[in-house]
Structure formats: structure tokens, C-alpha cells
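Here's the structure, in C-alpha cells; my notes come after.
Each chain gets a letter, A, B, C and D, in the order it is written, and its residues are counted from 1.
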Amino acid sequence: MIKNEKMALEDFLKIRKEVLNTWHTGKHAGLDLDTAVAFLKSIPDEKNFAKKLKKAKALGITMIQPRAGVATLDQHIELMQFLEKEGKADFLPATIDSYTRHNRYQNAEDGLKESEQQKRSLLNGFPAVNHGVDGCRKVFDSVNVPLQARHGTPDARLISEIIHAAGWTSNEGGGISYNIPYAKSISLEDTLKYWQYCDRLVGYYEEQGIEINREPFGPLTGTLVPPSISNTVAIVEALLAATQGVKNITVGYGQGGNMVQDVAALRALEKQTNHYLKLFGFEDIFVTTVFHQWMGGFPTDEAEATALIAYASTVASLGKATKMITKTTHESFGIPTKEANAEGLRTSKFITKLMQDQVMTESEELRIEIAQIEEEVDELMHAIVRVGKGDLAQGIIHAFKQGLIDIPFAPSEMNKGLILPARDIEGKIRILEFGQLAFSDDVKMFHQEKLALRAKKQHRELSIQMVIDDIYAVSSGKLVGDKEEVPNEN
Amino acid sequence: MKTVVIGVIGADVHAVGNKIIDYVLKEHGFNVVNIGVLSSQEDFINAAIETDADAIMVSSLYGHGEMDCRYFREKCEESGIGNIKLYVGGNIVVGKHEFKEVEKRFKKMGFDRAYPPGTKIDAAVNDLKEDLGL
Amino acid sequence: MIKNEKMALEDFLKIRKEVLNTWHTGKHAGLDLDTAVAFLKSIPDEKNFAKKLKKAKALGITMIQPRAGVATLDQHIELMQFLEKEGKADFLPATIDSYTRHNRYQNAEDGLKESEQQKRSLLNGFPAVNHGVDGCRKVFDSVNVPLQARHGTPDARLISEIIHAAGWTSNEGGGISYNIPYAKSISLEDTLKYWQYCDRLVGYYEEQGIEINREPFGPLTGTLVPPSISNTVAIVEALLAATQGVKNITVGYGQGGNMVQDVAALRALEKQTNHYLKLFGFEDIFVTTVFHQWMGGFPTDEAEATALIAYASTVASLGKATKMITKTTHESFGIPTKEANAEGLRTSKFITKLMQDQVMTESEELRIEIAQIEEEVDELMHAIVRVGKGDLAQGIIHAFKQGLIDIPFAPSEMNKGLILPARDIEGKIRILEFGQLAFSDDVKMFHQEKLALRAKKQHRELSIQMVIDDIYAVSSGKLVGDKEEVPNEN
Amino acid sequence: MKTVVIGVIGADVHAVGNKIIDYVLKEHGFNVVNIGVLSSQEDFINAAIETDADAIMVSSLYGHGEMDCRYFREKCEESGIGNIKLYVGGNIVVGKHEFKEVEKRFKKMGFDRAYPPGTKIDAAVNDLKEDLGL
């Protein structure tokens, strides 16, 4: 039975042997821990993810990072260099392909081969495991900014080993956030274990004096996720990571759409992550936030897509997120070209620089939203701890099973899938159907009243149709979905 | 009542569109068999045989659609449901492309219809009714 | 000696004869007032500028209007139809060419001829006087939204006659705002008289039951104009217009860059315009606001320019401006293509629709900025009234002569040109050199303190170099200019 | 001390760049004769003759620059200052264009140098120093 306890070194090393055996690139000499430590110690500060985040946080600025990854090494390096130069990216990723995410390294190998032959990427990302330590280190050597793996891999143990040994000093993911939105029938017990391993690896490096950043995946399904739910998952994963010895954590949040709610979510996220870390006895964790530009369906029109990217950047700046993940005008179609990707970065950076001295002003509305999110998060956290009888890992498994915590639109069978979110009349994300969500009656009442008001103002019924309209809304240029088209003002 | 098998093919987990398609098809009176995300060609075909389905609607969002859909029609034929209507939609190839080209490739692969990114499902419902003689 | 009094009808009609004689298109039968009245009465509500603005105001939405105008009639019509269809413009303009603005109709005629021959526009706008009532009416017939002339013409009497008779139900400009930023040696006495005429014409139509909108040009030189200065000019021009019988007025403001100051400026503008209109005895004027997207030097990079356009749209929405004038990604280069123009519109509209249910929240910072602008405007208004010995027109002339009101970077010799604006550390526009500006010591102290703080934080001196850096700042992706480049975070 | 006449040509009133050029040239030790906006070719030439200037820097922002600058060199020649350095900058034509083309046209018209939109004036100062042998 999994428990939220720090893995003993010998257990870790034992599992490690098995992990490194799952694909031939696991046998690379660079994966010897002493070799990896020596290498990681040699990399300059400005290419260390954790250190650069600390610097950004001190300056109070919002740094930018794209999503990007293609199959072949040469093209991936070209892409990275382009995004650094033309997009002025502060951090670079490798978005990993979907076969690798499901540990289907043979499929990835085939896709890679075919991509090399056809000279175009047939994979939707960079197959880091197949490229191995050597390939990943070539990528690292070819750029001047820190690197991170971004994936969605339930079992990311091998990939984590490879990228860190190659000098990539950040890893995205977590036992919940890389399971529930990214898998169907993998148990939470398993993914929590896999991610304990990934965190323990980082903890090991920290013990050797090497700073490595970890980032739970904030946006989850990217679709109308109420802030308190994604914040709770982020906080829980921060606690799990800290337990394994992680010291530098970036908690994430995906843009919801309403400015005040989004800034409130960022502020509550940072505050409560720090609060719960201290509460659980972790005093020395460096916490930053990352804001994801709109993660739901994007508008097809490029002028509109750019508008959405700029709007997201405005909100990230006002909310003083330390990092922002950018989108592109190709989002609704497919993987972007490097040019489109760099444009998205430039649009984003223009705003974050322009707005670096502006913050969202304190107001009653903001205060209320922050307080609301905090209260909801507290209720969810208490429920998790309660059903786990004090153990967080067990709490998560049971809370999901009982639907006490529930993520909308998730593919996973481990998730109840009973809640339905919808927007209130100001576009703030509220909850229409609660399922078994561990909310008090007061909190439920708050949501119900907000949605009733919208229904009244829009002269429509509270129903699943409202939810569907809201899912389509942003991509069709509205925030609050309206069945009857807004009377055309032309 | 006509039966349609829906699902998301390959290692693809994009679930939102799938849930909406499910809802909308039911609203239009179809018997919907939803095999969900991460489904293989075999999953689709087995579900279609078991439920004596009239059509299969394959979703592929994540970009590997072209690889995942190869020989789908041939497999249907081998399984004795060679005449079943086969639709595909979502973001079926990697990257932003002229859709006409993509459509051609999928039709050649034996799909009856292929839909571009961001298709509102209602449009496809009309095609389905027409193709099934409703 | 000019006075702010309603022109007697016979005086108006006498001058009118002369005006219509200044170019041959003034002799068109459509310029017979009865004919024009009959025609204007026949146009549908949705093509009436004043009425559509009322509708937008009631809905609380921000409508959009581009700048656009080319030399030849066919191309101009094509352009208008394109912007309506592909840009979803709610209002359309004709930006008038610079020769026409200086009443150099023969130069405009030559440019028009040459443009027709070369099949490309050699003029920087639409020469409405040369096209005459017939041409302008053809434009009107070819679109489904209201039309307005936008120009910068000190003496716009003939152009105003022609466009209104052609069914264009709005006219931009004013005796100050179309002089000081647009001329060098034309006296205010003259331009105030010319614009009394333009306003009287609208007043005449209002007497016949025809609603026509008038819009003082808010942004002035578009470059670091302190909000209280542009607001004062807008309010004064609203009062002058109301005196001549204008009933539907849109006061304008050009984006400054700091969100809170911009929203404060819009809020103060609307409130104080209404306040002063009532104070001067005008009870039945319908006031709306227009927000101009960034009017200073634009970034050259298109991804950045789009970011700025989207950011401006966010501010206009939060400030609930009733109308917004849009820019394009070609701004820093030259007159945009119709495609670029439509893209700017789509970017803008996406934001205004997405944000239609969001307002800037009330906060202490916002309250303080509004109060500051209001106090400054009151001081400037009092100075104008005082030196005019109660007459507004005389007050303006003397106030400008003495530098009690002073517009930065203006070309006009009627303007003292002694003040120098600069940004404070949050990017709000403050004043560094006051010249003779009619501010109290308290107000001056406020500005000085704000700028001293910036100087301290940036470790630099208060000097004209700071002003120059601020002028370049936005186009190079910052708000607060910094001589020393911000240390590159890469 | 070298003398430079600056101003904005034609019916153009864009004053901001002109004020900055004035300031920057003075900072660099030039004697600046600023005839301001709305200036004709004659205004430029008269000022240059009166002050025995070494160069004329014409600004044109509003798009009519091409029409306004025609025969400027010829007029200089007629006035006996045919060898004066003639620079032009700003947004000298209507619309967004490949600048190489525009530059060619203005050089053919007798301008020594032509600058693209958004030129930081410091770049031109270096050229000026070079051309005037400073």
C-alpha cells in the first residue's frame, strides 16, 4: 500500500535498475549517478531552471516558455535555437510525443525512423527516450537557456532519468496531473508511485547540491476547470514532491477567462502552496507560479488567436506569475511551425515586458474571489487528509474514488466525472453539478446562486447545454456561452 | 434507431470532443456506443460487430491520426463489416495543413468522410443522416 | 472677436454661401439644405451614427471602428466593404488625405488623378471634397453601418457640408483638437470659428430632427499627453459643440499605457463631460466615450503590434468605452493594406466581445487616479474660464497664449510647448516640466514626487533624456523608458 | 561646427520625430536649424543658403513624401547649393513596402541617403559625421 513517505535510497536504487532496463538507452554510461551529478554540477547557473526561476521571482517579472517538440534530433535542435533567438524564450521545453508518453518506445522508434526518411515530423513531440542521454545532451548544448521535459506521461521514470542526466533541470508532471487528464485505466496507486520515483530522483540530486525544478501540471483537462480543483491538485502534488526531497517547485494554473478570477487563482495558489508546505513541515521550498495561456479550444482565426494570447499575457502579468506557457495562432489546427511558435512568444513577451511594472489593483472583488478559492481548497484538502487517515497518498486515491475531488471532462476511469462546471454571468468558472465533491453547503450555495443569476440574465435554463455552449464559447469569441447568438450589433 | 460507435483512436486522450459528440448524437436520436479514448482499431471494430452498428466515427486529435488509421477499412473488411460507414475527424494530422489534401489521403484510405479541425458536430450529423438514409 | 455663442441662422447661411464656393463640388444640388434634410431623414436607424452609439451605450458594449481611406472611389468602396465584412467593423470612417486637410483641393485632385492612372493610392486618405456629394453618397450606399469623416482639418467647413449631405452622420474634430496637433500657424481664433460653423451645421440638422454625432479628437499629439490635458480639451470642445446645438457627443481619449490610469481617464472623462455640460446649462446631451488604441510610435514587429492592439482592447473593455478606434500591424510602416486593417479589427473585436461582461474592479488606486484627473481638469477649466472672463472661446485663446493649457510635442505656434511629460515608475503619465500650466502647487507636487520616485528607482536623473526614452519605450516593448537596457534575462 | 537644416516637408505635421532629431543632433555638437513642420522645398533651401548649411535632413512621415520631394535636388542645383548633402527619412511613401525599392527611387531623385521607418536617429548621425568628414 502506497504511503506518502520518502523512498529509502536502497529501494529507489533497486527500482532504478529495473527502470533503466526498460529500453536500451537506459544503459547509457551518463546514467551512472556519480557521472550525472558531476555533469549537473558543471552546468552554468543561467542554464539551471531552478536558479533562473529564483532570479525571475526576485525581479518580479514573468518569463516565457513555449511548447515545442519534433521527432528528429536535427530538427528539434533547429526548433529550439529558433525559439530562443526569434522568440526570445526564457525557458525551453521538449514536448514529448504521445507514444513515449505511453512508454511505447518501439512505436516512437518507428515514427522517428519514418520522420527521418520523410524529413517531416510524424510524431507529435520529441521522443526523448529514444534519443537517449546523448541526444538530449546535444539539445542542451545547443541552447543558452534551461530545458524542461513537458509530457503527460503516467510512468515518466525512464524519461526523467534521461533528461536530468542530460542536463535538463526541470520536469513537468505529477501522479495526479499526468494521470487523470492523460490516461484511461492506469490506477492512481501506480502513477503516484511512479512520480514518487521521479521526485525522489530530484531529491537525490538536491542531496548532492544540485537544484532541479519540478512543476506539477496545473491546467489538468484545460477545460472549465474550477480554480479550487486545479489548485488543490497542484498543492497536493507539491506536498508529495517535497516529501521526496524536491526543493524548487512551480505550481501551475490554466487561464479560465475572467481576469479577476484568474488573478485570484494565481494569488491563492502561491499563498496556499506555501501555507500547506509549511503546515506539513517543509520550510525551505522555493515556490513559483506558472500561468498557462488558454488551454481549451482555440479560435481558428489567427488575428483572434493572437488576441487571446495577448489577453492571457496581460492576465499573467497582472497576476505576477513567474512563468507563462505560451500558445500559437496554429493552436486550433495542429502542431505549430517554428515561425508561428516564435510569433506567439513575441506577442507574449511584448505584453509581459510592457506590463512588468503593473499589478492588478487590490479590490473587494479580488479579495472575495481569493477568499472563495482558499475556502474551497481548504475543504478539499481536509477531505483528502480525512479519507487518507492522515496519509496524503492514500487520501488522494480514496478522494478520487469517492468523487470528493473530481476533475471535469477527464478521460480517466479513476475519476468520478460527475461534476459539471459552467460560467457565471461575469465569465467566472463555477460549478453546476457537484457530484460527490467535498464542498460544504455554504460553498455549494455560492455556486448555485451565481449560476442562477446567469440563467436569469440570459433567460435560459441551467442545463448541460449551458456547459456545452461554454466549452465552445472562447473559441467562438465569447466568454459566457449563449445559445441564442448575441443580437448582431451590425 | 441507428447505432454509431464513437471513440478516440490510438494513444490519444483528448476527451472533451468525444463527450460532446456523445451528447449531441444522442440528442439527435442515435444509439451511441462510446468506447472512449485510447481505443485501438480492434476496439472500434469489436464494438461495431457486437452492437451491429451502422457507422463508426473515429476521433483523432493528437496528430498521430494518419499512422493510427492505416488499414482501418481493410480490417473492417476482414472482420466482415466492410460496408460500415467510416468517418474521421478532429486534428487528424500533425501541423496546420491545407485540408483538401488531408481529406484526399483519408478518403483513399477508405474513409467515407473526413472533417477538418474544429468541426461543429451538428454539420456531421446531417451527413450521417443522409448517408444512413434518415 | 469670437465668442462662444450660438451662430445666428442668417450669419451661418451667409458664410455657408462662401464656403460652398471654395471648390466646385460645393455647388452640388444635394447641398441644398432642404434636400439634405429630406435625405438624412430617410436613412435607416442602423446607419445613423448617433443612434447606433445610443444602442451600444445601452448594451454596455465597446464597438469598433478602423481608420481607413484611399484616393479613388472604387478602391475606397472596396476597402469599406472589406472592413465591414472581414473586419466586422461596427462603424466605418473615411480618413481624409492631408492635402484636403489643408484645403489644397487642387493638390488632392492631382493626387487623385495620378492614383487613378497608377491604380494605387498616392494620397494618404480619401479626398472627400473632390469626390463630392455623389461620391460620398456612393460610399454610404455601399455599406450597412454608419459613416464618419476623420481628418485633422483646421477648416473643415466644406468637407463637413459634403459628408453630412451624403448621409455620413458623424464628424470628428474641433477648433482646438484639429488645430494644435495638425497645424503650425493657423490661429485658434480662426479654427474655433471654423468649428463653430461645423457644429452649427449639425445643430441645424438637430433642429430638423436629425441626429448627428460629433467627436472631438481626443488623443491630440498622441504622445505622452497627460490625461487631464486631453480631457480638458475634449470637455471644452463638447461645450463649444453643445453651444451650437450639437446633441450627441463622443469624447475621446488615447491610450496612455498604464491600465489603471487609462481606465481612470475614461471614467473621469465621461463623468466630467456630463458634469460640465450640465453646469453650462446643457441638459439633453447624449455623451459617449471613444478609446484610441496606442497613438504613439508603434512596434515594427507584427506579433508585437498585434499584442499592443489586443492590450489596448482589453483596456477599452475594462474602461467600458462605447467605441474604440483600432490600429494595425502596419502602423509603424505606413497606411495598412485592407487585409492588415481587417486583422486589427478582428483582434480588437475578439477582445471586446470576450470581455464584454468584465469591468475594472473598484479600487483605491483607481479612485485616486480618477480624483487626481478630476482635480487637474477642474483647475484647467477654471483657468480657461477665468482668462476668458467667462467666455469659453476667449478663454481658450488666452489660455493657450499664456501656456495655462499646453499640449506636449504639438507643432502649432499657438501652443506654448513648454511642458514635458514623463512616466512614473508604474508607467502613468506625469509632468516633468510644467511651463505655465495652470496647476496648483499641490498638483505639481504630486507629479514631482511621482517622478522623483521613478528617478530614484531607476538610478537616473530627471531630464529630457528620460522623456525621449519614454517616447521610444512602447515601440521598443517597454512602458517606462530606461536608458540602461533592462539586464537581459536570457 | 557643421550646420544641418532639419524640417518636415509638405503638408505634414508630424512633429515628435522632428523635435527628437533636433535634440539629438545638438547633443552631437551640430548647429541645428530647425524649420519645423509644414515646410516647402523652398523653406529648406532658403534656410540652407542663409545659414550656409552642410546638410539638409528632410523628414516625411505622412505618406506624400514621394510627391513632395520631387525635383528637390534640381532645385538645390538651381539655387547654387547643388552639392549639399540631402538625407530623407520617416515614413516616406504610402503603405508598407520593401525598403530597398523605396531607397532606390529616392537615390535616383538625388538624395544621398534615405532611411526606413522607425530609424533611430543615432544611426544617421554616424553617417552624417562620415559624409561631412568629421
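One rule holds in what follows: a residue touches a chain if its C-beta (ideal position, glycine included) is under 8 Å from a C-beta of that chain, and two chains touch if they have at least 3 such contacts.
Since we're looking at a predicted model, the values are computed, not measured.
Asker: So which chains count as neighbours of both subunit B and subunit D?
Answerer: none
Asker: Going only between touching chains, how few steps reach subunit D from subunit A?
Answerer: The distance in steps between these two chains is 2.
Asker: Going by the average position of its CA atoms, which chain sits the greatest distance from subunit A?
Answerer: Most remote chain from subunit A, centroid-wise, comes out as D.
Asker: Roughly how many whole angstrom separate the Cα centroids of subunit B and subunit C?
Answerer: Centre separation, subunit B to subunit C: 54 Å.
Asker: Roughly how far is subunit A from subunit C, going centre to centre by Cα mean, in whole Å?
Answerer: So the centroids are 44 Å from each other.
Asker: Report, in whole Å, the distance between the mean C-alpha point of subunit A and the mean C-alpha point of subunit B.
Answerer: The answer is 30 Å.
Asker: Where does subunit D touch two or more other chains at once, residue-wise?
Answerer: Residues of subunit D touching two or more partner chains: there are none.
Asker: For subunit A, write out the residues touching at least two other chains, lowest number first.
Answerer: none
Asker: Pick one for the touching-chains graph, please: line, ring, star, complete, other.
Answerer: Basically the chains just string along in a line.
Asker: Let me make sure I understand the interfaces: which chain pairs count as touching?
Answerer: A-B, A-C, C-D
Asker: What residues on subunit D touch subunit C, complex-wise?
Answerer: Going through subunit D, the ones touching subunit C are 10-16, 19-20, 23-24, 36-38, 62-64, 66-67, 91, 93-97, 117-118, 120.
Asker: What part of subunit A is in contact with subunit B in the complex they form?
Answerer: 98-99, 101-102, 104, 107, 111, 120-124, 152, 181-185, 221, 223, 296-297, 300, 330, 332-337, 340, 409-411, 464, 468, 471-472, 475
Asker: Which of the residues in subunit A come into contact with subunit C in the complex?
Answerer: 46, 52, 55-56, 59, 61, 63, 84, 88, 90, 144-145, 257-260, 299, 301-304, 306-311, 313-314, 318, 342-344, 346-351, 353-358, 361-366, 425-427, 474, 477-480, 486, 489-490
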